[in-house]
Amino acid sequence: MSIDSISQDAPQDPGVQRPIPEAIRQGASATAESTLNSRHRKRVSKAFYGLCVAISLLSVLVLVVLLISIAVQGHSRLTPTLLTGSHSTSEPASSGMYPAIIGSLAICFVCALSALPLGIGTAIFLEEFQPTNIWLRRLHGFINLNISNLAGVPSIVYGLLGLSLFVFMFNAFGQIKVNESSGTEIMGVERYYQVLTLAGGGDSVLIPQSDLSQPTITITEPMPAVDRQGNTFQLEVWDPKSETPKPSDPAIRHRTVRLGQGGGAYAKTSWYYFRLPFGRSFLAAGLTLSLVILPIVIIASQESLRSVSPSLREASYGLGATKWQTVRNVSLPAAIPGIMTGAILAMGRAIGEAAPILVVLGATVAKNSGPQNLMDTVVTMPVLIFHWAGDPQFTYQQLAAAAIIVLLLILLLMNSVAIYLRQKMRIE
Amino acid sequence: MSRPAALENRQFRSTGAGVLQERLMVAVLAMCALATVGITVGIIVMLVGQSWNFFNSEHVSFKEFFTGTEWTALQSKNIDDAKFGILPLLSGTFRVTAIAMLIALPSGLITAVYLSEFASKKVRAVLKPTLEVIAGIPTVVLGYFAVLVIGPSLQWLTDGGFDAFNATSAGIAVGILCLPMVCSLSEDALHAVPRALREGAYGLGCTPFETSVKVVIPAALSGIVSAFLLAFSRAVGETMVVALAAGTQATYTMDPRTQSQTMTGFIVEMIKSENEYGTVQYFSLYGVAIALFVITFGMTLIGQLVRRRYRESYS
Amino acid sequence: MTLHNNHSATIPEHTRPIKLPSDMPQSASVTSDPTSNPSNAPQLADETCIEIANFNAWYGSFQAIDDLTLKIPRNQVTAFIGPSGCGKSTLLRWINRMNDIVPTAHSKGTLRIHDLDVLSPSTDVVHLRRQVGMVFQKPNPFPKSIYENVAFGPRLHLKLRRGELDELVEWSLRKAAVWDEVKDRLHAPALGLSGGQQQRLCIARAIAVGPEILLMDEPCSALDPASTLAIEDLLYELREQYTIVMVTHNMQQASRCSNRTAFFFEGRLVESGPTDDVFTKPQQKRTDDYVRGRFG
Amino acid sequence: MTLHNNHSATIPEHTRPIKLPSDMPQSASVTSDPTSNPSNAPQLADETCIEIANFNAWYGSFQAIDDLTLKIPRNQVTAFIGPSGCGKSTLLRWINRMNDIVPTAHSKGTLRIHDLDVLSPSTDVVHLRRQVGMVFQKPNPFPKSIYENVAFGPRLHLKLRRGELDELVEWSLRKAAVWDEVKDRLHAPALGLSGGQQQRLCIARAIAVGPEILLMDEPCSALDPASTLAIEDLLYELREQYTIVMVTHNMQQASRCSNRTAFFFEGRLVESGPTDDVFTKPQQKRTDDYVRGRFG
Amino acid sequence: TTTDSDAPAADASIPESNLVGEIKIDGSSTVQPISDAVREEFIKLHPQVNVIVSGNGTGNGFRSFYDKGTDVSDASRPIKAGEFEKCQANGVSFIELPVAYDGLTIAVNPENDWVKELTIEQLTKMFVGDDAAKNWSDVDPSWPNEPIKIFAPGTGSGTYDYFHEVLAKANDSELRGDMTLNENDNILVQGVAGNKYSIGFFGVAYYAANKDRLRAVPIVNPKDNTAYEPSVENISSNKYAPFSRPLFIYVNSESLNRAEVQTFVEFYIENVSDLCEAANSVRLPQEIIDHAQQNLDARELGTHFVTEDGESREGAFAELFQNENLVK
């Protein structure tokens, strides 16, 4: 069919010759008016654009106001004491946040150790092991839906769950009480009696506890004891009623106790002290927070795995790799930067979370050091800030602001690490 | 070119170990995935189990719980005086959430439109990280901001018309908190609108405003709605800001200038005061928690369903 | 302006060329029956509608079009062919300034539609795009009803009474040869149509605002053979009243549907001329290789 | 098994048919120089390598392949042609069970490679895919070094002594005609190669595990003309030792590179036969239309 | 580090404490600042002892105490009969030690220029019953017709109980239910400081720490009809009646076997009079402290404030705190 024949046929085709609607005729003839119309529309468009810019600027402005007000309030307290000291009621000015920084990091560590493997594993299962069976597919879909719902559960509800699940463990392993062995202890604890010596000033010795049902001891005769280096030595007894004068040599006093001196049980714990239930410990807090961030980790990892080009995966399958080999050698390495970024952002969330910590650990901030063992409680930065911000004394308000600056700096540091990791891995 | 020995004489690795490893990994990974279901089950069991102590009490009736206008769990030492009507807490939550949504939804959406439709690379490079920074600010900080900056400003502006702790300053702070979330989720939704639709609109002579409002936003509507719902449930569940800034009096009113204890605020107060552990008053916190859970769970569920439908409509 | 005025009497009303706003009143009086002088058609065929000279286009620092000069005649179908990435779409998208929305895109050179300088910053793009309709590779109806899709453009630009809009929608759908298939479900969602119907709907949507020029970027590449045929038939009808520029990958389609063909390669125009010449006696070796399928 | 045993003496070692793992020891003894009996080639040409009968495939409830029957002979290049969406890729992906990873995909019918029932759930897909290499439309090297890419498969499957791996990598890269271009940068990232080099690397990667069959899904569609030429040359060489099935959109490519052509349309096989016959004297009108570019 | 076996004699004068252990304290938020102050001094000497002080309120503290959750319970009121019973039932015996005086301070916003002083009747009008005064003008017509906003300690606190006892117990009624309650006294301070029409009550320590943003209302002593400020003299001389009250710590006797608890409690009693002033409370007369010290040394278990028949004793603190009242 040649072009010429087409153009000659065309005019004879009656279908083409339809009347042009009045609207177009008029619309075209009234172009001047329509230009006016278009000018008006452009103005609306410009105004909308202006609104967009204004609102967007406003959100930046809010951030700026927030940062400035915090900086103004807190800058004078940004001293070394802030980083080395601990909360003090008697001398607010010498308060610091050292235990809180350590505590937050410790919780974050627990959180990372528990949430990351679980979260990444879940994401891998959901993204890479999609079943063909219709019921299993539904189960997959259900798990996915469940995860997005978990992401919407308020963190305080996770706190309540942590309270029942980790702190009390539904009282299934007993309760933690003073002067009694706490819960079901599994490892990391040695029991002693602590007895004051003649040296005074809180000098004490430890005597291994053989009978656990005996919470106290009364010293009536010399017996083996342990000094602070852990060496065993023979403990001397001095009878005040006897003729012998109280020993004067401090070295001897250290090793001597009054006849009839009593002592109570002391549980010496190693860092790996472990018991059930966890009680108000940083382990419980870390695990609770890991519940909070788990959905975030899963969703970020899923997204990251999803963005791995399917062609890479197919290449690997095409070479006869199994699913797990494909995951390990291809998908996971390619997704790791994204997963790491998501993980670090989730950690940032965990470091800033206060509500579940309040529920699990309580609001106490008087602590001078980081955790001594797994079952030790901690102070965290957000809880300390919550406490300080709630105190009307001006010094504490300033301290709160300064602590916020430190917290934001730590978050900033984490985010930069995330960005750095992402970039570095991308280059490689 | 002769084939290398390795191929001439292929010595295959045994697949037995591989198969075993594969099975093991699948089992481990499946356990991980099932654990997430376990968490949901755990939450529900915990909430139902604990709130049983509350709802089962003779002092509590479902009718009163849902319709009563007084909530005095913290105020009443004596269980006989305690009133358990959740409406005051709901009204507190509602006031804070409504104010937050009034701030977060329009500005979040408009910022999202700006980012996805207009912003140049440079502006994006500034604006996106800014929003990410806001999103990363711990909520305690925003609570502090609400108490120290927003509250006093409101009092100064209205010459003492606001309480020291009030729903508005908490609401504003929660709004700031939700804004980045609304923005980034809406932007995702806008982004998912095929470029072709925008080009179709521009090709017909639309201005940028008309393209956004008449074509892009309607096309992204379900995504935007689900972003709104998520933000809503986030605001309902927000705790620290309200614990710091909203006050601790549960009043059944719509006045945004007064104190308003929210559901989460009440839970924190009750937990902090460890009020009479084992009493009905204490367990009432689980009653509130279950209501909170149902609300947020419902919201996210609806959001998910909306989102799913819209995903299907594009593929 | 002069060029246009000389011919205005013979130009169908609805295909009146683009005018700057100030020209409007003068030409508003010109009305004539588009079909009254068929004998003029061959004469018109050579009048230049779009004139491109020394045109360069970049995306960021990447030059997508390199010093291109080309005249596109009126009321004909011009096909752009060439291997993927050679800049066909880019040129098309500059003709109605669609590349305004690509932040990195910029250009240099002359691009005129009759007497309108397309690239000038002062050009009213809304007005321009009203006169230069565009149809895309993948049919992209709005997720609204069929009626709303067609009515979308007129609603923006024209002040219409109810009946007028209905009439216009019907006219456009008829013109795009899809009326019979959709007339019973005008208010059903457009996304429920088949690919070919959607593509014709998009053409109807484009002509409903009364453009002079239709740009089509691979309009059939996402379609099944039957739909492709329907669109090709449609092109055949429309070329009487519109200046059509189409990009295609299908050499056979180009030879079937176009009057003129331009072959691009790596951002340059290699050859252009009447379709038969380009396909049967190409002047350049590369053109020959390409149309014979030796590459691309 | 019987079919294979009858011919085993005449089959070159490297094209040894797929065996279930239990068969290994028996046939390991069979060794002969692949090039020693060129006279056998024509005879081999008609032996069926892949046999497809009454094959149906679905994605969810959508039927992508409808009752397809086809024999693919050994040591030849078979081209699958047909318009987009007709099921070419789907069939290819069933031959090495790649569609196992698409959760919604399922199939029915017979698909045998020699005596191996590909679709049987008990078939060891790892073993299958070792024997059936696949090359994709877009080159998809792993984001590792060139060496690591080629070594990936052997590392998974083979017990190798020191030095053997190096030898194997070199052999594969030579075979894929890319050795000279990469030999000096074996440990550079594979993503730094050009598209054509990447595609040849992917072919090297596929043959490094010693497959009998190579499946190629539009291997040149993402490549520039020069790279396309290089790949076509390579195919020409490889067909001596491999059974190759390729999907292509480019009719000229199909006619240049393949011995046999199968034309698909909407999930059905319309026609198959020697390439020359399909292109010059097709039996079906639709085939004729398609190879002449009347649609698709 | 020095090894104690052959440490030079010079070190012996200030022996480095190697006391270890953990001491848990909870209870009154009024006492908490004192306990905190003692804790801070104590751990300077015994850095390895972990002292955890919470201030959840007297009642909440007692509950932990009889559940064996704490070693020491702070209290801003004596133990109640019911709590004592629980202790007995759970086998928790304790030593009761008064540590300081507090003046329960009724504070208003500094901008409040109408309240000059308050009588018990006025307070009753404001705080007791659900029909209590809604507006200031309901108490005194000359006062502004604005709603009273009340900030009070939580119901688990001793302060609430004490206030309740003084104002409401006599006529068997309850404090009004629409107050803003919080166990955290700092929140109360913020609440009162934040609004002109608010009023609140808490321990004098919290007032003293925030003198610049609060005003303490003088309370009319019903005995001499004179209004007294909650100043140190007025509190310790009991002129600031009826809101002058003693603060206590209760020590689990079993815990007292533990060297660290024993050392801590001894340190507490020895130093509390000095430290409580730093914490803005008022020191007890020396004879009371001495008496407490004696009780501690002699391990005198039990409370002075519950009778043998399980009734709470009524009367002035100094009269009740006598050995003959001690009930195990």
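First chain written, first letter: the chains are A, B, C, D and E, and each begins at residue 1.
Assume a contact is a pair of C-beta atoms (placed from the backbone, for glycine too) under 8 Å apart; a residue touches a chain by one contact, two chains touch by 3 or more.
Here the structure is a predicted model, which is why all the values come from computation and not from measurement.
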#### Entry: chain D and chain A - chains in contact with each
B, C
### Query
What chains touch chain D and also chain E?
A, B
### Query
Which chain is in the middle, if each chain's centre is the mean of its C-alpha atoms?
B
#### Entry: Relative to chain C, chain with the most remote C-alpha centre
E
### Query
Which chains share more C-beta contacts than any other pair?
A-B
## Note on the structure
Rounded to the nearest 5 degrees, the rotation mapping the CA atoms of chain C onto those of chain D is 175
### Message
Report the inter-centroid distance (CA atoms only) between chain B and chain C in whole Å.
### Response
48
### Task
Report the inter-chain centroid distance for chain A and chain B in whole angstrom, where each centroid is the mean of the CA atoms.
18
#### Entry: Distance between the centres, which are taken as Cα means, of chain E and chain C, whole angstrom
87
### Summary
So, in whole Å, the Cα centroid of chain C is separated from that of chain D by 43
### Query
Counting only residues that touch at least 2 other chains, which ones in chain C make the list?
126-127, 156-157, 209
### Set of chain E residues in contact with two or more other chains
184, 187, 190, 193
#### Entry: Sequence positions of chain B contacting 2 or more other chains
18, 147, 205, 207, 210, 272
### Query
Which chains touch, pair by pair?
A-B, A-C, A-D, A-E, B-C, B-D, B-E, C-D
### Task
Would you mind writing out the residues of chain B in touch with chain C in their complex?
120-121, 194, 196-207, 210, 214-215, 218-219, 313
## Note on the structure
Note: in the complex, chain D contacts chain B through residues 13-14, 21, 24, 28, 31, 34, 124, 126-127, 154, 156-160, 164-165, 167-168, 170-171, 174-175, 210
### Residue ranges of chain E in contact with chain A within the complex
3-7, 9, 11-12, 14-21, 24, 33, 36-37, 39-41, 43, 45-47, 50-54, 67-71, 184, 186-187, 189-190, 193, 209-210, 213, 252, 254-255, 257-263, 275, 278-279
### Message
For the complex, give me every residue of chain A touching chain E.
### Response
88-91, 176-180, 194-196, 199-204, 215-216, 227-229, 233, 249-251, 253-255, 262-266, 268, 362-364, 366-368, 372, 377, 390-393
### Of all residues in chain E, those that touch chain B in their complex
56-57, 59-60, 63-64, 149, 154-156, 160, 174, 177-184, 187, 190-191, 193-196, 198
